[in-house]
Amino acid sequence: MVYVALITGFLLILMGLYGALTNRNILRMTVAFSIASTGTHLVLVAVGYIPGRTAPILDGAVTAADASLRIIDPVPQALVLTAIVIGLGVTALMLTYAYKLYETKRTLDISKYTDLKW
Amino acid sequence: MIKKFVALLLLAGLGLMFVGLLLGFTPDQVLNTTASYYADHSVEDTGAANIVTAVIVTYRGLDTLGEVTVLFLTATIVSLILTQPRPSGTPIIGVAEKKALSSGELLQTGTRLLVPLVLLFGVYVFVNGHLTPGGGFQGGAILASALLLLLLSDPTKRFNHRLISRVESISGILYVVIGVLGLVLAGGFLDNRILPLGAFGTLFSAGAIPVIYTLIGLKVGAEFSSMMVTLSESRDR
Amino acid sequence: MFEWMKIPYALLTLFIVVNYGLLMTALIAKIGARVGRRHGIPIYQNYIDLIKNYGLRSSITHGFMFYLGPVFRLTGGVGLILFVPIIYGSEVFSNFSFAGDLILALYFIFFGTLGMALGAGESGHPYAAIGISRGLSQVTMAELPLAMAVFAVALQYQTLSITDIVAAQQGGILNWTLFTNPFAVAAAMMSFLGSMMRPPFDVVLAPQEIPIGPPTEYHSSYLALMQTNRVIFPIAKIAIFMSLFFGGAASWPVFFLKVFLIYMVSVFVGVVFPRFRVEQSIRWFLIWAVPMGVLGLVWV
Amino acid sequence: MVSTLFIIAGGLGAAFLLGLLREEWRGFAYGVTLAALAFMSWVAGSWLWAFVFDGAVGVDVFTAGHNPPFAINLRMGLPEAVLVLLVNAMGLMVGVYLKGTLMRLGRRAMAVLLVAVLALCGIILTRDIFNLFVFIELTAISTAGLVLLSADARALGAGFKYLVISQIISILLLVGIIFAYHATGTLNIDGMAEASVALMKGGTLAFFLILMALIVELKPFPANGWALDIYESAHPAFSALFSAAFSAAMLFAVDKVLLIGGEPWPKIATGVGIVTFVGSNLLALSQTNDRRLLGYSSVAQVGLVLTVIGQRAVLGEHYLFVVGGILLAHSVAKAGLFWVSGLVVERQLSAWAVLRQNPFLVFAFATFMALLIGLPPFPGFYAKWELVHALVSEGRLALVVFILFGALLEVGYLFRWFGYIIKREASVESAMSKPVAFLPRKLVVIGVGVVSAWGLGYIWGALSDFANVLQALPVLFALSFLALEGLPAKLKNTLAIVGLVAFFAISYENYNQLQLIFGAIILIGGAVILLASYETHGKRIGFYPSAMLMYAGLAMLIVAEDSFSFFVAWEILTVGSYFLILRGKFSEPHALSYIIFSLGGAFAILAGFALAAGGAPRIPLEALAQVPATLAPWVFILLAIGFMTKTAAIGLHIWLPGAHAEAETDVSPMVSGILLKAGLFGLMVLLLNMGKTQFYGVELTYVLLWIGALSALLGNLMAIFQEDAKRLLAYSSIGQMGYAVFGLAMMNHLGWLMALMFVINHYVYKSMLFLSVGGIAKRTGTRDMYRMGGLIALMPLSFIAVLIGIIAVSGVPPLSGFGGRWIFYNAIMTADARLPMILIFLSGPVAFLYLFRLIHTIFLGQLKDEHRRLKEAPFWIVVPQMIYVVFLLGFAVFPGLALRRVDAFLNPYFPNGGLNWEGLTISSDFGYWSPVSIMITIGVIFATLLAWLVYLNHNAQKVKQFNIVFAAERPYRPETTHFAWNFFAPYRKALGFMVQPFVTQFWDGLTGSLHHTAQFTRKLYTGNGQTYAFHLLAFVVVVYLILVGGLV
Amino acid sequence: MSTVMFVMSLLLACAMIASAYVALRGQSLSMAVLAAGAVSLFASVMFVLLAAPDVAMTEAAIGSGLTTFLFFFVMGRVKGGKDD
């Protein structure tokens, strides 16, 4: 299952990047990136997974004493949490940019925004 | 066509690296040092049942502070961009915008009913962050979705920006202050042991974690709301 | 080194050289005329010209440098003859050669040229400038083989002293540089042709310029000074060549003979060749004389 | 000390606080922002103070009350303190600079600025890899926000491109981090470094991804189009921050992370860095937009630092000194330049000419430029020295070559730009916007930049193992003129003369004979030339600091005892003379080629010294003799090339004619008469110590002999075809220096004596001729000789000077030039090589041609109508000429005064073949020469004949100008009668093939192809954000393939 | 570790990839955004399988919820969401 998640994650990253590289529409690029970052999250979580163990929450089933034998690695999860939030921030920013760009030239085609070059 | 081909070629290269990563990867069978330390010590260190929360709020508190800052920054920039006057000389978007859809009666009534519940649920999620899955971010997102509901039901509704930004700022400042208190009163910046750890597994336990998560929840909620509100109002300006 | 007696000796040298020069140039002109089946000038014609010109009074000058031009010119000629030991082995006729060696003589040649050119330049006459420009251009190229030849000779004898060079050539005609280093001598003689202002290298004095160039502006006593130089200067130059390449002269008769013969070389060549334009003569020197000089240098 | 965390907490707290404020309270918000930035700077500063003065040691700051690796920790050490202070101070300055914009945009913009600064601090401080990621994301997002401070609508596009890039970066980084964590079980950088042995195959790849992500943030060439777009369109104050602080922080991050990796990684950093450095500098060549150019330059500099970071192992304990020097210099300089760019309204480089309205800004620009390039006394200079020495000692020669080549490109475009500032016409529009642009607040910020630049220079000097350049007396004296700029020129001139003479007086004791000759020429000779400067009026801003800097360099050069001080002096004199040359009216392109050749030469010298040093930080110059035989020829070649750029040996000469000809009247003699001698001095030092050196069986002095001879011939040949009097003299200098090089290369006693005599003679007569011609040009308003004529009557003193000068140059007895020729002939008698002599033989008479032309076409011939009322050249220009005339006559009679000392000095080095000085006659092994006798003989003959002529012709009247007849008519217009143009036409027909501008064509072709490459390559940057994403991925993939292919 | 979970994860993976394909190649932009949201949603289920409930919640709330809405807000402003 770990491998399934990993491979899916990598595939999502590649698909997302492919979309970002080939779609000229700014919003579609943003969508593609959000898919790629979902893929990244999947990879991160999958790496921290240990087959057969449970979530790193102590309750009746998992006590503090045997936690280190029962739970999976909490660190990747913490990282992913941060990454998700940051990803949202960047996506929101890209969207705002898209809107603002559209306002200046009335197009979402990224190849039209080449006033700066060389 | 060439572009797609080149893209595929490059991604094949990247894929090669990923394959390399996969081939070199063997899932852990036991926790590594860091993780097992957390598993073994987080209860006595922090008193939080949810180890992920302990990691996020305490051990890697600085990350979380940064994360909150990211949202703060994004919200600020979004409103900075959208409230900025248009650069001179750029065409103004035409009047052809669609009229705001008026939502149905059902939705409006439903919203009125639902919003307090959603808000309450959000608060529940972040105050219990140290016990159960969820926490400030999830709770904050839920708070924001309450606002979203309001927005959907009445797109022309005006929100009190001052209130949102006050909530955001005050919780942000308090978060920093708590961090500094940790530095002064306890073992370091963002140390949660400025408050007693309390009885393990209860609401008022785990030191400052619930407080911090509450602040995060409020702040994140405010930031999400601010982002959405600015975006939704932008066209009217 | 210097004694006051040097001064009368020097004047004696000058006297001999001037008279010899006047007679020789007249003789050569006469020979040239006879070859051309003309009668030619009388042998004393140069004396008449010279005295006449010294006698003429002019009240004209074009300016400071114009005035000084002939003075420079003649200083160059007189100085050159005095810096060169004329008669080998003669204390009397070594004159002021103690002041410097071969290099002094070679560089002092330019002194008069420079002064003359400056003087003519100030006349304001455009053809004067053209003549100077051509002359200088040609001379620079003519100098090159000479310099190489001189260097070859100096290397050969390991000295820069003219007296020592002559001394090294004593004891038989085969000791002359002419035979010990023929290439250097050939190069030097080609150079000599170029510097004598005779055909084929006389474009400097081309007919267009002669009547209206420097001599026109320079007349009467100016011209007299220049005429004096014209008899001294070539002899002084030939004296150097003679010393370097043809064994020098141990007595006045040998001196007269060798100078005359060397001078005749340029006359003969002039009769045979047509006149070169300046760039042609430069190329001629580059193609013929310079390789000779190189060979001469390598030969040593 | 305050905890480091307060930097972050303070910044964040203030940023959050800003949200509480009312939108209208902008002034208050601004105050809070500045206070926060000041507080953060203070915290950083107090740490730095503690490290430097209280001997504090670095501390780890734990968070959350737990030890790393379980909780995030920060580290504060000396480098961190420096960088954090840099970042914060930069933030504060940018805050001040941006007041207008921030007040307009309100508290939100201020909050973004605060977060940006604290995020940078976080990047620097944190020791946790994921925390690093968070801060990098914060930086990226705040960048996207700050880009919008710009009024330029295009900034929006640039910001979006950056977001696209940062998305890809964060994906790479996250994947890398998680696999690295998986491999090592920790997120702590130091922990990962300890576990690096445990990095398995997957771990290596993970590390690769992390490193690539960080490196891509550093804008590696060619995956950096997005950054350039930001630089071009963002607000200059932000660009300052982006260039200075962002790069510094990211470089530090790379430095930290490289700890984790093992063997091949530093090589990758170096490889990427050097490609970036050279590539970006190359592309910058063809830029016309100022900010984009600065962008390219920033990228390039960061590449250089990255290169150095990769060479950490080589640099050892000097690592921080070198990398810090380059990085800080880059940061301050680039920030300063961006700030200045905020004052300029238009964007093309030539519009910067408006800076001339404010001399302080010109000074600021010069400071930043020097700082960036690494000229003394700035940190980059020391760093460059250490770096090259370290690299060479490890045999990384190719890297040195690339670094120096890139640096030379940088020199090219920066100095070209400076030339625009000084020389180009400021457009009317920009001039009108002056009151808006030159805000005092912004000037203060720029002033802070300038002060910190010099402060850094001082600090680095103090830190270096060498003498502090800023404590050298001559340099201080030169720099003190900067403070005196307000005084009138005449007063400053007096000070300068007194200073030069006084310095000679105090140094006199310590000079050996060789130094004495050069010292006298430089200091006393310089003072004599400065007499001519009394002619100028007003304040003459810029002249004295430059001139004195040149003299300072020269004075330091001749007393230099080790390679370092020699090189310092060399660069100082080069820079000073550049500023001096640039002052000429039309000298912009020539000054540029001068500085490029000179600094190129300087780099060759640097490499040569480094090669000779063999690992030592510097060597005494005498130690050049001990260079191992395998290296010796290379050292010889490099040093000789460096020195010959100054002597303008043929092939490296193309800068000289323009530079000397277009310089101001009193500058031409300085740069020709004095400056060129620096090259000769260098060659002397080289030859004295290294002597004959074989290179694959070729005797290098023999090669020098040929170069000298060719320079002599071709320089002279080119001189005769010039119409411009000063150009003629300039070409003549090439020829004269050729003679001197030739003399030195003969490597015998008399050859050296001749060269030294040339040093003296050339100084005297070239200074004299340049002054004379300069005075005439001043009066006639032209330097074209065919426009003059007949000036002898109007300017007799100038005429006498030229007459004496040309007699001396041509070597006609009785003046001192003859002495040179005489020694020359004696010298070549013992020299081995004969063929190059031929060229020298030819060049002597050729020299006569141009000299005659000089005097003829100016002074003789027909006076032009428009010149009839001219007066003699200005008094103060004539005075030094007359001094020279007297000196030349005296030197002609008593050459022994100077030459005997030199002769004696040379004896230890060349015991054979000296001269005998008996009585009045000087004799060698081959000939003899008696200057006094010659002078008297010629004088007597001359006087006698003159008296005779006067007797014969005493009442001669001067006739009217046109009292001549030619072609049967009386001329009436001087133009038609003055034969002067193309004077030596037949010569050109015959020998013109030798003066075809092959060399110029060669260098033109070279620069042209560089430009074409740049033009072509920069098309890579299409401006399309997607293309940039392609570049980025391609970059990563290519590096990966190189790595896998084992090429590293 | 049960086979059920494995099969479920496989199914989820297929669903995600299919959704991603739709998101990248779908005709309308709204479709693409919705599909991207679906990818996120499937991912959050996957997170539950991977014993990461915190992440699952976050991904569901933020990744598939808020992000999608943000997209729609902007698309509403920009040409009504049409492709060009």
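Order of writing sets the labels: A, B, C, D and E. Residues in every chain begin at 1.
By our rule, a contact is a pair of C-beta atoms (placed from the backbone, for glycine too) under 8 Å apart; a residue touches a chain by one contact, two chains touch by 3 or more.
Given the structure is predicted, the values throughout are model-derived calculations rather than measurements.
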Third chains touching both chain D and chain C: none
Shortest chain-hopping distance from chain B out to chain D: 1
B-E or A-B, whichever has more C-beta pairs in contact: A-B
Chain nearest the global centroid, as defined over all protein CA atoms shown: D
Distance between the centres, which are taken as Cα means, of chain E and chain D, whole angstrom: 59
CA centroid of chain A to CA centroid of chain C, Å: 99
Length of the line joining the C-alpha centres of chain A and chain D, rounded to whole Å: 50
Between chain C and chain B, distance of the C-alpha-averaged centres to the nearest whole Å: 105
Junction residues of chain D, two or more chains touched: 130, 134, 137, 141, 144-145, 153, 156, 175, 179, 182, 187, 1030, 1033
Sites on chain A at which at least two other chains make contact: 2, 7, 13, 17-18, 21, 47-49, 51, 55-57, 72, 75, 77, 79, 81-82, 84-90, 92-93, 95-100, 102, 104
Set of chain B residues in contact with two or more other chains: 7, 10-11, 14, 18, 21, 25, 28, 32, 34-35, 38, 50, 52, 60, 63, 66-67, 70, 73-74, 77, 81, 87, 90, 93, 133, 137, 227, 231, 234
All chain pairs that touch each other: A-B, A-D, A-E, B-D, B-E, C-D
Residues on chain C engaged by chain D in the complex (per definition of touch): 1-2, 54, 57-65, 67-68, 70-72, 74-75, 78-79, 82-83, 96, 98-104, 107-108, 110-111, 114, 117-118, 121-127, 129-130, 132-134, 136-137, 139-141, 143-144, 147-148, 151, 154-155, 158-161, 212, 216-217, 220-222, 224-225, 277-280, 282-283, 286, 290, 293-294, 297-298
Complex interface listing, chain B residues touching chain D: 6-7, 10-11, 13-14, 16-18, 20-21, 23-25, 28, 32-35, 37-38, 41, 45, 58-63, 65-67, 69-70, 72-74, 76-77, 79-81, 84, 87, 89-90, 165-166, 168-170, 172-173, 175-177, 179-180, 182-183, 186-193
Interface residues, chain B side, partner chain E - complex: 50, 52-53, 93, 97-98, 125, 133-135, 137-138, 141-142, 144-145, 148, 224, 227-228, 231-232, 234-235
Parts of chain E lying in touch with chain A, wherever the complex brings them together: 1, 5-6, 9-10, 12-13, 16-17, 20-21, 23-24, 29, 32-33, 36, 39-40, 43, 46-47, 49-55, 58-59, 62-63, 66-67, 70-71, 73-75, 77-79, 83-84
Sites on chain D touched by chain B in the complex: 3, 5-6, 8-9, 12-13, 15-20, 61-66, 69-72, 105-106, 108-109, 111-112, 115, 119, 122, 126, 128, 130-131, 134-135, 137-138, 141-142, 144-145, 148, 151-153, 156, 175, 179, 182, 185-187, 200-203, 205-206, 208-209, 1030, 1033-1034, 1036-1037, 1040-1041
